[in-house]
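This report refers to the structure that appears directly beneath it.
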Amino acid sequence: MIQRTEQRTERCVHVLNRALHQLFEDCPDTYLLGEDIIDPYGGAFKVSHGLSTRWPDRVLTTPISEAAIVGIANGMALRGMRPIVEIMFGDFITLCADQIINYAAKFRQMYNDQTRCPVVIRTPMGGRRGYGPTHSQTMERLFLSVSDLTILAPSHLHELGEALIHVTRHGAGPTLFVENKVMYGEFHAPPQAGRAGLFSCRHLGEAPLDTLYLSLTDFEYSDATILCYGGMAGIAMQAAEQLLLEHEISCELLIPCCIKPLPHDGFAEALERSGRLVVVEEGPLTGGWGAEVAAQVQERYWPQLRGPVTRVAAKDGIIPCARPLEDMVLPQKEDLMLAVIRAVSGAKVGQL
Amino acid sequence: MTALATIELATTRLEQFYRQMFLIRAFEERVLELFSEGQLFGTTHAYIGQEANAVGVLSHLGPEDIVFSNHRCHGHYLAYSDDVEGLLAEIMGREIGMCGGKGGSQHIFAGNFYTNGVLGGIVPCATGIALAEKYKASRAKVAVFIGDGSLGEGTIYETFNLAALWSIPILFVIENNFYAQSTPQRLQLSGQIAARPQAFDIETVHCRPDSVEEVYAVAGDAWATIEEQGKPFCLVLDTYRFCPHSKGDDYRDVAEIEAWRSRDPLRRLANQIDIDTRLRIEEQAHLRIAQAVSTAQAAAFAGARAISW
Amino acid sequence: MIQRTEQRTERCVHVLNRALHQLFEDCPDTYLLGEDIIDPYGGAFKVSHGLSTRWPDRVLTTPISEAAIVGIANGMALRGMRPIVEIMFGDFITLCADQIINYAAKFRQMYNDQTRCPVVIRTPMGGRRGYGPTHSQTMERLFLSVSDLTILAPSHLHELGEALIHVTRHGAGPTLFVENKVMYGEFHAPPQAGRAGLFSCRHLGEAPLDTLYLSLTDFEYSDATILCYGGMAGIAMQAAEQLLLEHEISCELLIPCCIKPLPHDGFAEALERSGRLVVVEEGPLTGGWGAEVAAQVQERYWPQLRGPVTRVAAKDGIIPCARPLEDMVLPQKEDLMLAVIRAVSGAKVGQL
Amino acid sequence: MTALATIELATTRLEQFYRQMFLIRAFEERVLELFSEGQLFGTTHAYIGQEANAVGVLSHLGPEDIVFSNHRCHGHYLAYSDDVEGLLAEIMGREIGMCGGKGGSQHIFAGNFYTNGVLGGIVPCATGIALAEKYKASRAKVAVFIGDGSLGEGTIYETFNLAALWSIPILFVIENNFYAQSTPQRLQLSGQIAARPQAFDIETVHCRPDSVEEVYAVAGDAWATIEEQGKPFCLVLDTYRFCPHSKGDDYRDVAEIEAWRSRDPLRRLANQIDIDTRLRIEEQAHLRIAQAVSTAQAAAFAGARAISW
């Protein structure tokens, strides 16, 4: 396979951990609440490691009470603090749905813009670790329709630590900060001097929540645009490389850090060039992020489109424990490649 | 302080209590009338009969102190803020309402007063507020009002546990009016109310006050204990609402309602106050409410101009 | 205005009430759980009126414990019962999200198809009653991505009582049964002899969960297809009538009873004729039902489409209490008409 | 029954207990080994040290009785079903697992045995099952296993309230092992555990059994009370796990672990059983497990064929 050039110095989990340390140092109003987050354990995925040793009063390890923890953080945020909640697995965010939807995300508007509730909820999402149906889900899709809630889901290419710091310090409302589980272990690979591996890279929108725009052909030619986020970024890059090498199909990638509200940065240019969009996400197909993306894109960029927006996602249904089953359910590089090939050749599903 | 001064102070306080309680009662009665007249839209939950709780508990508070209330919040808000005008305009959907007509009857906010119409979830929010104030060392008092029916919500127990564990200074006021909407307590509550916070090591006092002074006294002790110990405290107040749950039907036993009405803390208090003062207070209340209604009616409906949020 | 011809005999709330009585009579495994559902009160919206008097042991009025009630019903359903839960206001369904998503909808698949959890959750949704931010929402959108969950949201034109009976008796998995609040008070107006008011009507798919296909021009001509459900059906019909009379724009309506999984009945024919789809829903625009519809439709019917699928929905944000504000936020007949006119004239937003 | 017969029965029962407890211990140790060997994927929560609870409580049950368990479910499942083969294959992601490899370690189902890996929510589900069986008059016993840490979840209190209100015959077994993952009890639990169900009027017994016979005895009383009174019952069993929470790190005090290990009910029971019998039992267990591993290893991975659901 292709040799990658990015620096392999630090894993994403460590970047996030550093960001938390930085935040705690710089911003005395920052608190972290969550289950099993204090040292020596330092969190189920170790993101909070070392924090409680330095700031024992600001790292609150909690009972297993997802709803109350978020509620308490909401209250703190209402009073000017900058609380961060860690939900141990994203799957459990169902338990705090009421506090997110009917509390955090409603306060500002229903109180007529007289208050703010800038709570940050960090949580790992995603599968590929064999954790099974209740510990592998990609749940951010459930909150795409919640007004006033921002959803960030950085990839290993983003300045994810900066993003976390930014939103915690400056967020005007509640934020769901999605950390892909596989990404934790990946090397942090922010683009350097306009390059991300074999790709040329542009930064669109404002850092650190910028969208990354990647091309293998220096933004000269594009058969299809791939839109993805979080844990799918690496897979999408591999797919794009292989599509170019093996199929002579040139894809550009758009990788937003913020998935809600959906930033349109780069959409016009990319679609002007390619006329085709393939959205890929790790969550299930129906009712996913890709649905909203497809709806917006076909409505706004209709004249540019040469074919329908297509979606690549997990198969609807549970995420099974057994590895081969899990692999069949979650979207793989091959699924994305096939979708791009179909889109480019204009072939219908089943014809290829 | 001389004995006379004490008596005078007490008299003034009783008058003050009466002023507040009567205002709430008259306000709620007027709101229900406005509903029947078709001048209001949506729904409302009147506080009639429970006024002594709000007044007794919140008279210990200043504007820097914090209250989180629920669907039945008008009494708490008036006892806390005396803002008849803002509240009425809000309920009437006017731009000059304290939430610009967006919140309406159950979602009000002003200063340090919060409400939400979804039961249960207010309790962790309020507790988070108290935690924030603890960290800030602001010494602000924090109270949250919970109905007996709301004790069905699990989040409350999650919060009891956390408040006790983390020594969060907050007053949980459980207003035990024996009903949750149409449901009598025996169909919705097992065991004893006080045992619940106690199971989480929260100091709890359960009483059936006959008067606002009694509420004021137990609440005073509660606030003092919180101040002293820096821990949560729970006050369970037996009470009764004389009005239907919201605007609608009321199937409670008439004799039961009457029995409670005969113990009405407002009426009891009225008898302790000299008649002239009383009439003056009542007249003033009616006047303020009437003026608030006129002002609201004259004001623009929220939405007459474009919304922005 | 136009004189309507349908029989105005029974309000929808009464139809649902009759259905429950029928169910309880015919199916001894049916139970109803919910807050304030017993007589004389008979439920906040009176849907369960009279039920507890006849079957005191099978109507379980509950404490205010949405999560536990759904959990208990899940357990009953696992053991072969046919429980129905009433959630007093749909807004509170956030509190039982975990029981719906991580329990009811997972059992069958994660237990390898060895069990079933056919629980029915009935709940009123929607605004236009001045109940404000926490009692007016349209929340079914939150569950569109939940595999194995069926969502029914009949309109006053559907055999809504039959639909409730059918899904309770024969549902193979969990069902969310959405009852629009305004619909409760509307007259039940099922099409009679192929007519629904001024519209010709066809029934597509299997009764009683059929999709209604309505035309004002006997399915001969169509400028645009309107897809809607539940409480928007009446508004869409009025819009269609007015569009024809005042603007000579002919619309066909597709009104499914089942909104998830999305039935495609009629889509091919309707889009073949009109080439344009306007989806309208009472919930907020972003991440709503219309997103999934638009994504599917543009993907599957691309060749038929003459323009993008457009969406009409509530403005993102809270639903305010004050009537004029609420009216501004929720989708009105005029919003739909404008969207159709724009779609037909190919005009962009803002140009009309 | 003659005294001799009683003693024999007792001996047989002790042997039976030992067979079950040893099987669980050996099974869990083998599973942890398989993990270290890289033969397993995902995660697992071993029951090592807590075997007496599952065996003592569930030995009163037949196959028609119902159990709802949690993330730490292997011991409960084996005590209930003795299905070493199905469970191991499931954990190893094989098609022949009792859930076809879909559920894995924490989501298993067979017959009348259920689990789910999301804490808390199993409690209302189990209670609903018990309610269904009550309506059916099936007389099936229903048990649900809850960890002490899971008592943080509010749904459990909602359910306590409902179970008591509706007299639902169910046994809540709280396995109090003093930790929730890495968190010691003092950081996550306020008050006394037993006071919590008691606050909802649920009869509760809290004990620190030294042996499986003791668990068996208190559980027997609990089941009898449930049968007799048709109400919920709560059994709080102090216990300890000798293994890490899941596969990983364990920061508990070594002396604490050793203190509990010295009370290991399995070792205690071993000493009560004659050495030949014991060795035979242990050999058989190892053999069964080894065979189950071989069978699973030889079987197809789930997903080798197309999925259908």
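Per-chain numbering from 1; labels A, B, C and D assigned in written order.
Assume contacts are C-beta pairs under 8 Å (C-beta built on N, C-alpha and C of every residue); 3 or more make two chains touch, one makes a residue touch a chain.
This one's a predicted model, so the numbers in the text were calculated from it and none came from an experiment.
Common neighbours of chain B and chain C, listed by label, are A, D.
Path length between chain B and chain D in the touching-chain graph (shortest route): 1.
Taking each chain's centre as the mean of its C-alpha atoms, the one that lies farthest from the centre of chain C is D.
Put simply, the C-alpha centre of chain A and that of chain C have 31 angstrom between them.
Rounded to whole angstrom units, the spacing between the C-alpha centres of chain A and chain B is 43.
If you average the CA atoms of chain A and of chain D, the two centres end up 38 Å from each other. In chain B, the residues that touch at least two other chains are 100, 102-103, 107, 116, 118, 120, 151-155, 158, 161, 165, 187-189, 309. In chain A, 62-63, 65, 67-68, 91-92, 95, 98, 102, 106, 109-110, 132-134, 317-318, 320 are the positions where the chain touches two or more neighbouring chains simultaneously. With chains as nodes and touching pairs as edges, the resulting graph is complete, every pair of chains being joined.
On the side of chain A, the complex with chain D involves touching residues 35-36, 40-41, 44, 61-65, 67-68, 91-92, 95, 129-135, 317-318, 320-329. Across the complex, chain D meets chain C through its residues 98-100, 102-103, 107-110, 114, 116, 118, 120-121, 123-133, 135-136, 154-155, 158-159, 161-162, 165-166, 308-309. Within the complex formed with chain A, the residues of chain D that make contact are 41-43, 93-94, 97, 101-107, 116-120, 149-154, 180-183, 187-189, 249, 251, 301-304, 306-307, 309. The part of chain A that touches chain B in the complex is made up of residues 31, 60, 62-63, 65, 67-81, 83, 98-99, 102-103, 106-115. Those residues of chain D whose C-beta lies close enough to touch chain B in the complex are 151-158, 160-161, 164-165, 187-192, 195-196, 198-202.
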